[in-house]
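After this come two complexes, each holding chain A, first together with chain B and then together with chain C.
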Partner chain A sequence: MHIFEGFLPSPWWQAWFAISIPVILYGMYKMNKLVSERREVVPLLAVAGAFIFVLSSLKLPSVTGSSSHPTGTGMAAILFGPAITAVLGVIVLIYQAIFLAHGGITTLGANAASMAVIGPLVAYLFYKAASKAGMNFYLNVFLATAIADWVTYVVTSLQLALAFPSASGGVLASFAAFAGIFATTQVPLAILEGALTALIMKYVVQIKSDVLVDLNVLTTTAVTKLKEAMQ
Partner chain B sequence: MKLEYIVAVIVLLFAGQFFYGVLANPDSEFGGADGAAGDLVSEISPGYEPAEPWFQKYLFEPPGGETESLLFALQAAFGAIVIGYTIGYYRGKGESNK
Partner chain C sequence: MTYILDDYAILSPLRSKNNWLKLAIVGFGILAGVSSSSPLVPFTIALCMSFATINFGKIPAKFYFKILAVPAGFVLVSIVIIAFFFGEGGNLFEFDVFGYTLGVSSQGLNMALLILARTIGGMSCLFFLSLTTPMIELFSVLKTAKLPDSFVEISMMMYRYIFVFLDVAMGIKYAQTVRLGYHDFKTSFRSMVMLGANLFIRSWEQGEKLYLSMNSRCYDGKLIMYDEKRPVKMPELLLTGVYFAIVLTVFYFTRGMSFI
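Right after this comes the complex of A and B.
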């Protein structure tokens, strides 16, 4: 979903900064508060951040003949909510923009909005709604993270379409063209990301289920049931 | 163990879609989708020149593909160490408390 340096004209890159920065600042406040109130979540926060590091470093080939990145943000969003995830996501984006010339500084706001803000928000909302409806935990994690990964790239397509409407068909035609590249390439990657996230969440349930209850990710009864199923 | 089997099947299917993609796009080098989107920008707005911000020349840029892949590998390795260490630590702690 990286939009390269210089590939968003004014006022678009500024507008996406205006959307991302408040969320990131709020996320920093929330993260500080969480870490100072509950030291025991720090290892889990590190795992969620590291998961974004690993997944977003992988350039995976897709059936369309292009390669793209998974995002890895869904897990953090389910565990810590979208605001804290925005902080973790933007750290990775800054690393890639500065050391890898992947993405860019002026386009950081737009890339953060798609990968670190909107994608995680979708994962979080889906997870909460589906867990209220009683969906199986692993299926819920799988769907929430796969959808969030895919939505990230739909947002990127929209960002480019808004900045570059086509002469004949306007924003809609442009959106269809960009989504044709990003959204189709992303489908297999999103499925893989969902599966990997579900698996790592199983291990989190095994080792840190008490913290999951503290963070309101799962209820005590849900944890007991999941653990019984593991025996 | 059931979830592990399902994930293994999905990983195999992922490999399958890749090999299918190789057959279906014999000339493709599987370049980045972000690059393809960049090409599309110049197709839609032929006159568009990506703006180069003033600080661009002060920024580090990997000299080539080798250094770039090194930095990507470091990123992945760092993440994997943190995940493996933390999960291993708590697993071991859980075992010794039994």
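Right after this comes the complex of A and C.
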């Protein structure tokens, strides 16, 4: 869910910019370093960004028929790491604001914090920790992307609650109200996105597993093991 | 599947106007709207920007109002929460739910109205930009703004590939639909997975091909583009000045004003 233009009052939209800009600058620094070392990644990163955009503009088949779409950033975080995902995510958010009328310019900081920074970071940390613990790859991808999707909405609720605290119960009471509506309705969608990403990964392992090895998502031995398990 | 506002921007007569002037108009409107304390300011902005977009930008009014309703779901739910939870003072009206008293205070209702007006004002500014300025015009602005080359470069290639992949995705989806790939939840989920996986693999191969083809044409990490000079004409400047003056006047006279 994107926060729309004009929705967050001042100090809050500036504050969220202040939080996300350093992370994005760090991501740009990382990306510049990667690009100067391996020039061939520029087109690859560009098509990956375009893939996130297209994936996020596809409507998920949801039970109620509401218009809900995958965030796609959890998958990008697993593939490229959180720093680069932050930069790609910001470009995607700008394009979504300008092409699809989703999001806004003053709220870009807040949307970037939830969708391009915190969500992917959580997905990445979970993925790394769980793969170290030896969790099954598909289950790991499923959980990491589902959690990332859900965390994105919890952060959005928190952003709204901080900007509009309740008179009687303060931030906590309005957080409960926003999260009650936005975060609980998102649970089935988060599960759906997790399942979708895990199954996409399964196809990728089957058909083009060398990409995953190139990106350091899986080791060669892990890929052979997964392929053997499929047969 | 989804409409892209860029398609309208490319045909808009306002496309040939100075980019910085348009950005100044939009930036001014967004900042004035977000820092206003009465709903009248964003309302004025929304009125002016919608008029400019429909009248000068030649955007069909029906389409314009349709996209203005896009944020409606999110905004309505959120402002209802704000109305109930925000603000103190006497309640205008209240009712009991399971022993809890839910009430709307005048402060909360004012806040909700202000947020609604700000969102409409802000979105109309954003639409003015996205319906009159295609992204290709903005790349030169990004370059002049001294953003890192790799960032601008990646945004440009991404822009191109968004359309390539949207085309591929729509083709696949159409083929799946005519084969009853979306007739119930289970099959549509399966189709969605196939679509996503194929899109990913295809984009990856496309990226590798793109690198090879650009490399063989001596790509060195910099695409040079042509930045057309478009001087600001007097009538445009005058109209912008009038718009700024109207908004600032409304801003000045409605400070701290509230409706209820």
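Criterion: the second predicted complex is superposed on the first by the 193 of 231 C-alpha atoms of A that agree within 3 Å, B and C clash if a C-alpha of one lies under 4 Å from a C-alpha of the other, contacts with A are read in each partner's own complex, and residues count from 1 in each chain.
What we mean here is this: a residue touches a chain if its C-beta (ideal position, glycine included) is under 8 Å from a C-beta of that chain, and two chains touch if they have at least 3 such contacts.
Here the structure is a predicted model, which is why all the values come from computation and not from measurement.
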For this session: Using the touch definition from the top, say if A:95 reaches chain B (first), chain C (second), both or neither.
Result: both
Exercise. Now for A:51: first (chain B), second (chain C), both, or neither, which partner does it touch?
Worked result: both
Exercise. Touching A:200 in the superposition: chain B (first), chain C (second), both, neither?
Worked result: both
For this session: Figure out whether A:211 sits in contact with chain B (first) or chain C (second), or with both, or with neither.
Result: second
For this session: Considering only the touch criterion stated at the top, classify A:87 as touching first (chain B), second (chain C), both, or neither.
Result: second
For this session: Kindly classify A:138 by the partners it touches after superposition: chain B alone (first), chain C alone (second), both, or neither?
Result: first
Exercise. So, A:35: does it touch chain B (first), chain C (second), both, or neither?
Worked result: second
Problem set entry | First (chain B), second (chain C), both or neither touched by A:188 | first
Exercise. What is the contact status of A:109 with respect to chain B (first) and chain C (second): first, second, both, or neither?
Worked result: neither
Exercise. Which residues of chain A are in contact with chain B in one complex and with chain C in the other?
Worked result: 1-7, 9, 43-44, 46-47, 49-51, 53-54, 57-61, 63, 92, 95, 98-101, 105-106, 160, 164-167, 174, 177-178, 181-182, 192, 195-196, 199-200, 202-204, 207-208
Seminar exercise, completed: chain A contacts chain B in the complex at 1-7, 9, 43-44, 46-47, 49-54, 56-68, 92, 95-96, 98-101, 105-106, 138, 153, 156-157, 160, 164-167, 174, 177-178, 181-182, 185-186, 188, 191-192, 195-196, 198-200, 202-204, 206-208
Problem set entry | Touching residues (chain side chain B, partner chain A) in the complex | 3-4, 6-7, 10-11, 13-14, 17-18, 20-21, 24-25, 28, 30-34, 36-38, 40-41, 44-45, 48, 50-53, 55-56, 59-62, 68, 71-73, 75-76, 78-83, 86-87, 89-91, 94
For this session: Please give the residue numbers of chain A that touch chain C in the complex, ascending.
Result: 1-10, 13, 28, 31-32, 35, 39-40, 42-51, 53-55, 57-61, 63, 87-88, 91-92, 94-95, 97-102, 104-106, 160, 164-169, 173-174, 177-178, 181-182, 192, 195-197, 199-200, 202-204, 207-208, 211
Problem set entry | Residues of chain C that touch chain A when the two form their complex | 1-6, 26, 30-31, 33-35, 42, 67, 70-71, 74-75, 77-78, 81-82, 84-88, 105, 107-108, 111, 115, 118-123, 125-127, 129-130, 135, 148, 150-151, 153-162, 164-166, 169, 173, 182, 185, 188-189, 192-201, 203-204, 206-208, 210-211, 214-215, 221
